[in-house]
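Please see the structure below; I have some questions.
Each chain carries a letter (A, B and C) given by its place in the written order, and its residues are counted from 1.
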Amino acid sequence: MSFLVLDHLQKSFGTTKVVHDFNLSVDKGEFVSFLGPSGCGKTTVLRMVAGFETPSEGQIVIDGQDVTRLRPNQRQIGMVFQSYALFPNLTVAENVGFGLKVAGVPRAERGPRVAEMLDLIGLPDLGGRYPWQLSGGQQQRVALARALAPRPRVLLLDEPLSALDAKIRVSLRNQIREIQQQLGITTIFVTHDQEEALSISDRIVVMHKGIADQTGTPSDIYNSPATHFVAGFVGTLNRFEAEVVDAASGHVRVAGAGILLERPLPPGKVVLAARPESLQIAPEGIPAEITGVEFLGSVQRLRARVDGAEVVLDRFNAPGEELPRPGARVHLAAARASWLVLPE
Amino acid sequence: MRQIGWNWLGVVPFFAFALLFLMLPTMNIVIGAFQNPEGQFTLQNLAGLASPRIVDSFVISIKISLASAVLGCLIGFAMAAAVVMGGVPGWIKAPLMTFSGVASNFAGVPLAFAFIATLGRVGLVTMLLKQWFGINIYAMGFNLLSFWGLTLTYLFFQIPLMILIITPALEGLKREWREAAEVLGASTGQYWRMVALPILFPSLLGTFALLFANSFGAVATAYALTGSSLSIVPIMLFAQIRGDVLQDPHLGYAMAFGMIVVTGLANLAYVIMRTRAERWMR
Amino acid sequence: MKRLWSWAAIIAGSLYFLLPLIGTVEFSLRMRRGEYSLDAYRSVLADPNFRDTFGYSIVMALLTIVLGVLIVVPTAYWVRLRLPRLRPVIEFITLLPLVIPAIVVVFGYIRLYNTSSVLPLTGTAGGTNLLLLCGYATLALPYMYRAVDTGLSTLDVRSLTEAAQSLGAGWVRIIGRLILPNVLGAVMSGAFLSFAIVIGEFTMAALLNRPAFGPYMQLLGANRAYEPAALAVIAFAATWGCMGLMQLISRLLGVRKTAK
């Protein structure tokens, strides 16, 4: 029995349809990310769950209760905004206690709960400060505590890290995941940053033009993208035009070199793809010419040209190992299982 | 050092002008308020302000200023809120702001004429009310040359000034604040009481102070409307400057000093509140 | 429900603002018994005092703008360029005319510049005119300074100046040929606001006994019935004209700036 169900959600603004037939079931305690470029409809879906937008079609069910027509303040949901949205006239403690106060929780019970929340986010001493006295990262943690204080059924995070510095972004996202697991709260996290989504989610929904292209675990999404869009949006992908020689055994030819995939293929032409880290320089394989070498610290990135198209190879830094020079002619290969066959 | 000396030279004309035509004349009045005709220091003039006639004029002036500031704030706020968040079509905002820009500068003699032509004894609205509804507002005790008449007239520039100042403040209320409050379970009333109004409070109070000072110092409208039949402070001072009606020039200085104190306090409140509002709005 | 209240507020407000305007126009047409006519306007326009005082106030308004620009533009520019620490002080001073009522300022003038003082400006008509002009410039100071300072804030004053200096331009040329044209839109909006303030100003002109439009209107209002309404219509039209021109010009300059 799923805890949060989004059933055939649709949303149009005027004549523009921004969400087409969106379906999702989220288990209790699950952390699901909506990943996609801006304008893909991910925030609109989140705002429908929160109650700020009413779906044109479809149904939203939380814990067996149809909330589609409920106002936001009747849904018992916690939400964190990109811009923090802390109330500037209230102290940190008053912000965190806001949801309890409007729910009529007496002052004596609010105090301990607020203190507990401030402990949870690691800012136990800042209760008396005002939001403008805090850094961005601190403000966002307070916003998280504020959202969690009334014990919401679902936590919604709308690009909560986008306004922060790179370093704080990583530490805060780990903290969010830790707190989420500690409380076991069902969470939806909207982001356009694939690394964020891959690193902290139980499942990811990749969205594109108002449609959920693929829903799956981070490794599903990365290792077996279901559509061209997912393949291109998540991670870097090298594409190769391939000619099918034998559809039954999966024998194809790329730039003159034969590759045996050992899986059935459609006849004619297909597009093969490989992640930069699965391509290697090998004694034999696809002929290529090295065009550039970048040293990125733990990783070395090689650029090469195959049949006029550029491909990228990543390999771990190994001190003492000699790097190929630009202009060198090499052969590229990948492990059989790591080849992706993209659908037409 | 020489560099600094030269730099100062650039602002000398400005300071000279401000000194000659703003600061020295004002200082002169302030000092005059503390001098007797022989030029010696005295508090006698300020004590003289306690005469019933002058006290009455300050009381009625402050009453009119308070009334027109309170009503100006309330009505201006209602109109600005209607335009910013009331679901009224967007095209209304631009003409309203332009009109407010003009009307807030339309104080003075012509404004008095406009209200005489409208609500005077034979004004348009007075006549229409009589002809269409049989209501004779003058028989009911209304008089344009009175406390309420003057307040009603002042509102013509007070409301637009409020709209001009409070609209940006209302637009500065972030949508996310409202949404955060809603999703935390707050009703619309709770949002306004606990978040929006406290955030707007400095702006509201500050604008109120500005409106107060604005009507407290207005001379032309009142004078053209009432002549000298309504003795508010600026009109008494006007008469005093023209003909020494108080028979004591130094009492006039004390009165002017009293005006500066009142408008100064109001503006000080405005500045303080504004600083707080800006800190929050960041 | 919310929309209903909003419409109620807007409609009630609009009625309050429109009725006096309609009332004034209607009243100004009522001079001839039993029918609408332009007699009141004819009577006003035929009055030589109207032409004299209106002309006087227009000249004063234009001179006020010139004086205001001469005082404000170089100061605001210089403070931004060389004396940024002085900005709060200057800003405070420019706001003072909003705090100190005009009637108090002019009271001070009468005391400070009377015939027995060191600088007996009120002794002669020319001197009094000069005093009134300075008073008007003082009244307009907050608006003029705010407008020009906003205009300057959109420019990189320092780089512009250094570029001009490196090409050998002197101060007069820098301010006159470089800074002024660049803040022209801002100066214009300040200028029209000044014009609107000065054209109907009453208190200072009346107390300094100058034949300006404001005191003329007041006098007419005390003695006539229909002409004041016609005058109010004319004054309101003049104010509207100023504001309209101000918006038009700032829009035109804005367009030219983005097109460049």
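We adopt the following convention: a contact is a pair of C-beta atoms (placed from the backbone, for glycine too) under 8 Å apart; a residue touches a chain by one contact, two chains touch by 3 or more.
Bear in mind that the values here come from a model prediction, so they are computed numbers and not experimental data.
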{"item": "Shared interface partners, meaning chains that touch subunit A and subunit B", "value": "none"}
{"item": "Chain at the geometric heart of the assembly (C-alpha centres)", "value": "B"}
{"item": "Greatest separation from subunit A - chain, by CA centre", "value": "C"}
{"item": "Centroid spacing, where centroids are CA-atom means, of subunit A and subunit B in whole angstrom", "value": "55"}
{"item": "Approximate Å spacing (C-alpha centroids) for the pair subunit A, subunit C", "value": "59"}
{"item": "Interchain centroid distance [CA atoms averaged], subunit B/subunit C, Å", "value": "18"}
{"item": "Interfacial residue positions of subunit C with respect to subunit B in the complex", "value": "2-3, 5-7, 9-10, 13, 16-17, 19-24, 26-28, 71-72, 74-75, 78-79, 82-83, 86, 90, 93, 95-112, 134-135, 137-138, 141, 193, 196-197, 200-203, 206-207, 214, 217-218, 221-222, 228-229, 231-232, 235-236, 239-240, 243, 247"}
{"item": "Residues of subunit A defined as touching subunit B within the complex", "value": "50-52, 71-79, 81, 83, 85-90, 98-99, 101-103, 132, 143, 146-147, 150"}
{"item": "Subunit B residues within the subunit A interface of the complex", "value": "174, 176-177, 179-187, 190, 194-195, 198-199, 279-282"}
{"item": "Residue numbers on subunit B that touch subunit C, as the complex places them", "value": "7-8, 10-11, 13-14, 17-18, 20-29, 32, 75, 78-79, 81-83, 86-88, 92, 96, 98-99, 101-103, 105-106, 108-119, 123-125, 155-156, 159, 213, 216-217, 219-220, 223-224, 227, 234, 237-238, 241-242, 252-253, 256, 259-260, 263-264, 267"}
